[in-house]
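Take a look at the structure set out below.
As written, the chain order gives the labels A, B, C and D, with residue 1 at the start of each chain.
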Amino acid sequence: MITQISKTMKAIKKTHNTVGMTFQQDVPVPQIGPNDVLIAVTHAGICGTDRHIYEWDAWSSSRVALNTTIGHEFVGKTVKIGSAVTRVSLGQRVSAEGHIGCGTCQPCRTGNGHICNSVDILGIDTHGCFAQFVAVPQENVWPVHPSIPNEIAAIMDALGNAVHTVMAPGVSGKEILITGVGIIGLMAVTVAKAAGAGKIIVTDTDDKRLAIAKELGADLALNALDDQWTQQARAATGDQGPSVLLEMSGQPTAIKDGFNLLRNGGTVAMLGIPSKEVSFDLANQIIFKGATILGINGRKMFNTWYQMQNFLLSGRLNLKPIITHQIKMQDFDQGFKMIQSGQAIKVVMEIPQHQS
Amino acid sequence: MITQISKTMKAIKKTHNTVGMTFQQDVPVPQIGPNDVLIAVTHAGICGTDRHIYEWDAWSSSRVALNTTIGHEFVGKTVKIGSAVTRVSLGQRVSAEGHIGCGTCQPCRTGNGHICNSVDILGIDTHGCFAQFVAVPQENVWPVHPSIPNEIAAIMDALGNAVHTVMAPGVSGKEILITGVGIIGLMAVTVAKAAGAGKIIVTDTDDKRLAIAKELGADLALNALDDQWTQQARAATGDQGPSVLLEMSGQPTAIKDGFNLLRNGGTVAMLGIPSKEVSFDLANQIIFKGATILGINGRKMFNTWYQMQNFLLSGRLNLKPIITHQIKMQDFDQGFKMIQSGQAIKVVMEIPQHQS
Amino acid sequence: MITQISKTMKAIKKTHNTVGMTFQQDVPVPQIGPNDVLIAVTHAGICGTDRHIYEWDAWSSSRVALNTTIGHEFVGKTVKIGSAVTRVSLGQRVSAEGHIGCGTCQPCRTGNGHICNSVDILGIDTHGCFAQFVAVPQENVWPVHPSIPNEIAAIMDALGNAVHTVMAPGVSGKEILITGVGIIGLMAVTVAKAAGAGKIIVTDTDDKRLAIAKELGADLALNALDDQWTQQARAATGDQGPSVLLEMSGQPTAIKDGFNLLRNGGTVAMLGIPSKEVSFDLANQIIFKGATILGINGRKMFNTWYQMQNFLLSGRLNLKPIITHQIKMQDFDQGFKMIQSGQAIKVVMEIPQHQS
Amino acid sequence: MITQISKTMKAIKKTHNTVGMTFQQDVPVPQIGPNDVLIAVTHAGICGTDRHIYEWDAWSSSRVALNTTIGHEFVGKTVKIGSAVTRVSLGQRVSAEGHIGCGTCQPCRTGNGHICNSVDILGIDTHGCFAQFVAVPQENVWPVHPSIPNEIAAIMDALGNAVHTVMAPGVSGKEILITGVGIIGLMAVTVAKAAGAGKIIVTDTDDKRLAIAKELGADLALNALDDQWTQQARAATGDQGPSVLLEMSGQPTAIKDGFNLLRNGGTVAMLGIPSKEVSFDLANQIIFKGATILGINGRKMFNTWYQMQNFLLSGRLNLKPIITHQIKMQDFDQGFKMIQSGQAIKVVMEIPQHQS
C-alpha cells in the first residue's frame, strides 16, 4: 500500500490574514516519523474552533500559523505506518485524539496527557485533518469500533468533550443544569441522559437549540432571555438548585446565574471558554456553598474515549439531531457559512479518496 | 390526634422457637421517647431478612429475641411526636431508615450511620413495622414525596440497598455484571439501567428471575447452571470482563466466577451475605488485578435516600415486575409461603387502619 | 449540679452600633431546650470573625443583631443537660462545633451540616461563648480528649478550619503553596506539615508571620511585596508550580498569583473571604489547566474534628507560636487591640468560673 | 559513545533447575529496538522476588525461563538510544519502571499500565538488570534526580511498591496498622510517617524487624506471636481499630487479624501475596463493616514515581536502616544468603563498569 500514496493531496488551509480558508489541490502529503501513522481521511467534522480560525478572531490569529492545514475531528484508514510503530496496523479504521502530548511532562506521564504542559493540537499547532491524509503519532490513534458509523466516528473529538464534561462531576440520578447548548452542550444533553441524569435542565438564548435539547432528553429547556428562567430552574429542583452545573456557554451572565443556582455542595464542570475575564462573588458562589469546580479541557486520554465507545455501543446516544449536514470537502465554505448562520449544528465533510 | 390512639394494636410477632410468625390482636402500642415519632403503618414490605426470621434459621435464632414485632420496610402517617421532636410534624406521610444509629460513634458522627458501631435494626433489635403502629427516632424518619405510590414507598428500605450497591462503584457508561437476581438484585437491574449503565449482564440459576431481569433492562441474562456462562459474559464485554461486579448472591461459586471475570482495575460491590466463609485467590482475584472491593451494608444515611428519591421521581425505575403481590396483613403467612416457593418476589402487606 | 447555676453571668456582648464590645455582669444564663446542653466556659479564643464584629464592619453590621453574646471558640464543662439529651453527660469537658445545622436539609442529612442551607453560627446568629455559660445542641458537642490542653481545646473551631482546608485537597507528598498566613494560614502550615506535605511554600506581606511560618515547618516563606516571589515559588517546585494551593488570604492579587502558579491538574482549596468580587481568566487559570477548585467552609461535621483530634494526639502539631497570648476575660478589649496591631496572633481568654 | 560498547558483558542468570544463580562473563549485550534505551547499570537491588527465583520455588519455576538475566531494581546511565527515541538522551542517570506494558490495552491507555492485561516484568519475562547493561523501552525510563544517591536510586522499584500501598488508601492523620514488616513493610513505615500518618502500629513475628520499624517511626511494634497483640493494637486506637490496614505479609493469620481489627468504614491496601487461597468471613470482615479493599500491584505509572521523588526530596524518608548491605556484583550469592538468613534486609550490588 505504501507505494500507492502520491506525493500531493487536497487540503483546506488557512492561507491569508482574513476571513476564510483555502482549498488547495497540490499540498504535499505529510511526512511521518518512526512513531507516526499516516491516515487517509474519509470524513471530518467542522468544530467551533475551526470556525474561530475561519473567522480569524483574536485568539486564532495569535495562535495559528498561516499555511496550516486545519481540522482535528476525523475518521479514516491507516495507509502507512512509521518504522517503529507497533500498536497500529495498516488498513485499520481509526480516529485520533487531537491533543498531542509531549510524553515527558508530569501530566503526560500520569495519564493526564490532555493537560500536557506543552500540548500541540492537531490542525492548530500541526497540520490537521481537512485533507486527504493526516499524520498522527501512534499513541494518538483510536481504533474505531466497526458498529460506529463514519459520520459519528468523524466527530468523536467533539463528542469526547461532552463525555468528559458530563463524566467529571458524575450525573447518575442527579438534577443537572446545562448552561449553553451549542454543539457540545447539545451532545452533553444526550450523554447526560445516557449517563443516568435524574433531571436535565438546559438554558440558552436560541429557541431552536432548546427545542433540539428537549428532543435529546432535556426535561426542561429555558430561554435565558426570559427573566423567570432561574426561578423556574430552581423550582424544578425542589427549590434546592441543581447539584451539577455543566457550564458550556462561556457567557458571564450564564456563569453567574448558574453558580447562583448551584446547590450547596454542588459541582460545576466548566468547558465554555469566556472571551474575557469573569468576575465571581467567591464568598457566596463558591466558598460558603462548599462548591467544587472542575476545569474541563480536551478528553482524558483515553479514559474518555473508552467511556464514549461504551455509550455509543449501548445505543443510548442520539446524535442524529446534532449532525445536521453532511457535505463534500470542496463545499467546506458553505459548511462554515451554515454554522455561522445557525442553520447547521454539526457539519461533517466527506473527503474524496485519493486515486493511487 | 394523640388522644385517639388506643393502647393496643394488631402486630405480627415472632413468638416461638419454630418456623412461622404469630398474628396478635392486642399488642401494646409502642411508647415513644422525647425524640421519637409514632407512625400509623399503612403498608409494609416483606424482606428476605423477615423470611430468615420466619424460618428461624441459625442467624435469626441467635439474634432476634422472642416476642419481637417483625418488619422494617413500611410507609405510614405520623400520629404522635415526642416532646423534643422538631424535624417531623403530625400527619406526615413517611417511611423510615431501619438502621438506628447510636449517634455518638465515629461512623454516626461522620455521615456513616449505616455502619454505626452499635446499630439497632428495626424489627430485629427493636419492635418493627408489621404492626398498626411503629415508633422510630425522628432522625430516622423519611418524608415520602407525594408522587411516590404507597406500594413503592413501603419498600424503600430494600430499594435503598440496591441503590447503595449500584451507586457505590458508579455504573455510568460501564459494563457491569450482577451475580444473583433475587429481590435486591432485580431492583439493582432497574436502578443500574436508570443510573446509566452501558451494558448490564446478570446471572442466576432461576430462569424466571432472569426473564424478569431482561424485562427490567438487562442486556444479557445468563443461567449460571450453563457452564458456558462465563465465556458468554466475557465475550459480551469485548473479552475484557465487566468493570463493575455487583455481588448480590452470597454464593461462593458466583463470587468466584465474578471475581475471575472482573477486568483489571475493576470494582466489586458486595451485598450478598454468604452463609459461611468464602475462599479467595487473593493474588489473582484481587491484588494483581488492582481490584477495588466495597462492602455494602444498609443505605447511606441519607445520601442513598436522596438518590433513590431522584431515581423514583425521574420515572426511570420500573418496579412493577418486582412487586408481584399485595396482600392483607392477616394473610402474611401466605405471603411468606409464596416467597418461599418462588411464586412471589416482593410482597407488600396492607395494614388495617386503626379505628379510633 | 443543676441547682448550683445562678440566673445571671458575665458575658461580652455587642451592644452598640460602633467599634467595641461590652463586658456585662448580669446577663441571664441561657435557657436550654430538651436537646441542648449548658456548658460552663473555661477558655475561649478570639477569632478573626470576632474582630470583624468588634470593628463593626459592613458584613457584621448587616448580620449580627445588637445584644448578641459573641464568641464561638471555647472549651468548658457541661453543667446542665436537656431532658431529651442522651449523647452527652454532666461534667464532661467539651468544646463544640459552632455551625448549628437545621438537621432537615439535604446537606444536614448527608453528613454535610457545615453547608446547611440555613445554618446558625454560634456567637453570630445565637448567643455565643464569650460568657460564663453557653448553650448548644447536643449534636454540636465535642468531647475533648484529656490529653489536649485547655488553650488548644479552646481554639479547635479555628484549627478545624485549617484541618478542613488542608485535608480537602490532600497534601501527602505534594508541593503546596499557602497564600496568606494569618491565624488560619499559620495553623495550616503546621497541619500540612503533620499531614505529610512534601514541600510547603508560603507567601504573605508580613515578615513576622512569614518567620513564624518557617518556624512551623514552611520550607520557603516569600514576601509577596517582593516581585520575584512567584518566580522563586515556581523554581522551588522544579518549575512545575505547586500541585495544591491553599488560598487563605482573600486578597485578589494573591488569588491571581496563586492560580497562575498552580500546576496543570492542580487543586485549590479556597478559605479566604474576599471583601469584593474577584476576576478570573477562566480559560487559562482554570479550564486549560484542568484545575479543581474546592470551596471550604467551616469544618466537616465531624470528620474534620476526628482528623484534628488525631493530629493533636499524634504530637505532630506545633501551636505554641500561634497562641501568643492568654488573657483574662475582662481584658478582652486589650486582646482585640493586640490582634488589630498585629502584636498578637491567637488570643485565648480565661473565663472566670461561676461561684455557686 | 555507541561505538564503545563491547558485545559481551557480565550478568547474573538463572541457568539451572535448582537453587542458585550463575554469574557469567560473556553474556551478549542486549539488542535495542527503535524505542528502547540501553543503560549501563551501576547499582542494582536484590528483591524478594529475586530470592524466589534464586530458590526456584513453585511460582518462579513455572514463570521464569531458564537463561533469563535476573533483576529489576537498578540505577545506571544511558549509553545507547534507539532510532525513534525522543524522550531520553544519552548520558542520563536513570532508573526504570520494571512493568513493561503493552501500550494498547485499556489499562495501559488509561494511565494504569501497572495492571496491563499482558504485562512483561523486567528480569522475569525479559532480561533484567543484574548485568552491566539492560535494555528498556523509553517509556519505562525514569530520570533520577541528582540529589538522590545511587543506593537509593537502585531500589526505587521496591520503594515504589511501598509508596503505592501507602498512598492508595491515604494515611494523613489516620491510625494505621501494617501487618508484616519485611522489606516493603519497613519501607512502608517510613513512607507512612512521611505521608503524615497519625499513628503507625506494626506487627510481625521478627523482633529485629520490629525494632527497625520503631526506629523508622512506628509508634507501636507488636510481635504477632504474643496473643495479646490484637488487644494492644485495638487499645492503641482508642478501641476503634485502625482505619487503614496495609497488608504486607501475605500470611492468612495476619490477614484475618488485620481485617478483624479494621474499623467500620476502614480501608485495606493489600500487597502481600499469599502462597495459597485465603478464607474470609465476608459478612463480618467486609460487608457489615462497609470496608474498602484495594489490590495493590507494582507502581502507578508514573504517579507513584513522582510521589516517591517528592518524598525523597523532602528529606522525610529514612532508608538507611533498610539498606543494610552494599556488595560487589560478584558477591551476589552471599547477598542472597544474607537475605535468606535474615541478616540482611535490602542488599544493593555495585555493578562493575564496562571498560570500553
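In the analysis below, a contact is a pair of C-beta atoms (placed from the backbone, for glycine too) under 8 Å apart; a residue touches a chain by one contact, two chains touch by 3 or more.
Because the structure is a prediction, the values reported are computed rather than measured.
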| item | value |
| --- | --- |
| Shared chain contacts [subunit C and subunit D, defined touch] | A, B |
| Chain pair, A-C or A-D, that carries the greater number of C-beta contacts | A-C |
| Distance from the mean Cα position of subunit D to that of subunit A, given in whole angstrom | 41 |
| Chain centre separation in whole Å, for subunit C relative to subunit A (CA means) | 43 |
| Overlap residues in subunit C, where contacts from two or more other chains coincide | 106, 110, 112 |
| Interfacial residue positions of subunit D with respect to subunit C in the complex | 163, 167, 170-175, 194-199, 307, 310-311, 313-314, 316 |
| Subunit A-touching residues of subunit C, taken from the complex the two chains share | 106-107, 110, 112, 114-117, 240, 255, 263-265, 270-271, 273-274, 277-283, 286-297 |
| Partner subunit B, residues of subunit C touching it in the complex | 33-35, 82-84, 86-87, 103-104, 106, 109-112, 139, 300-303, 305-306 |
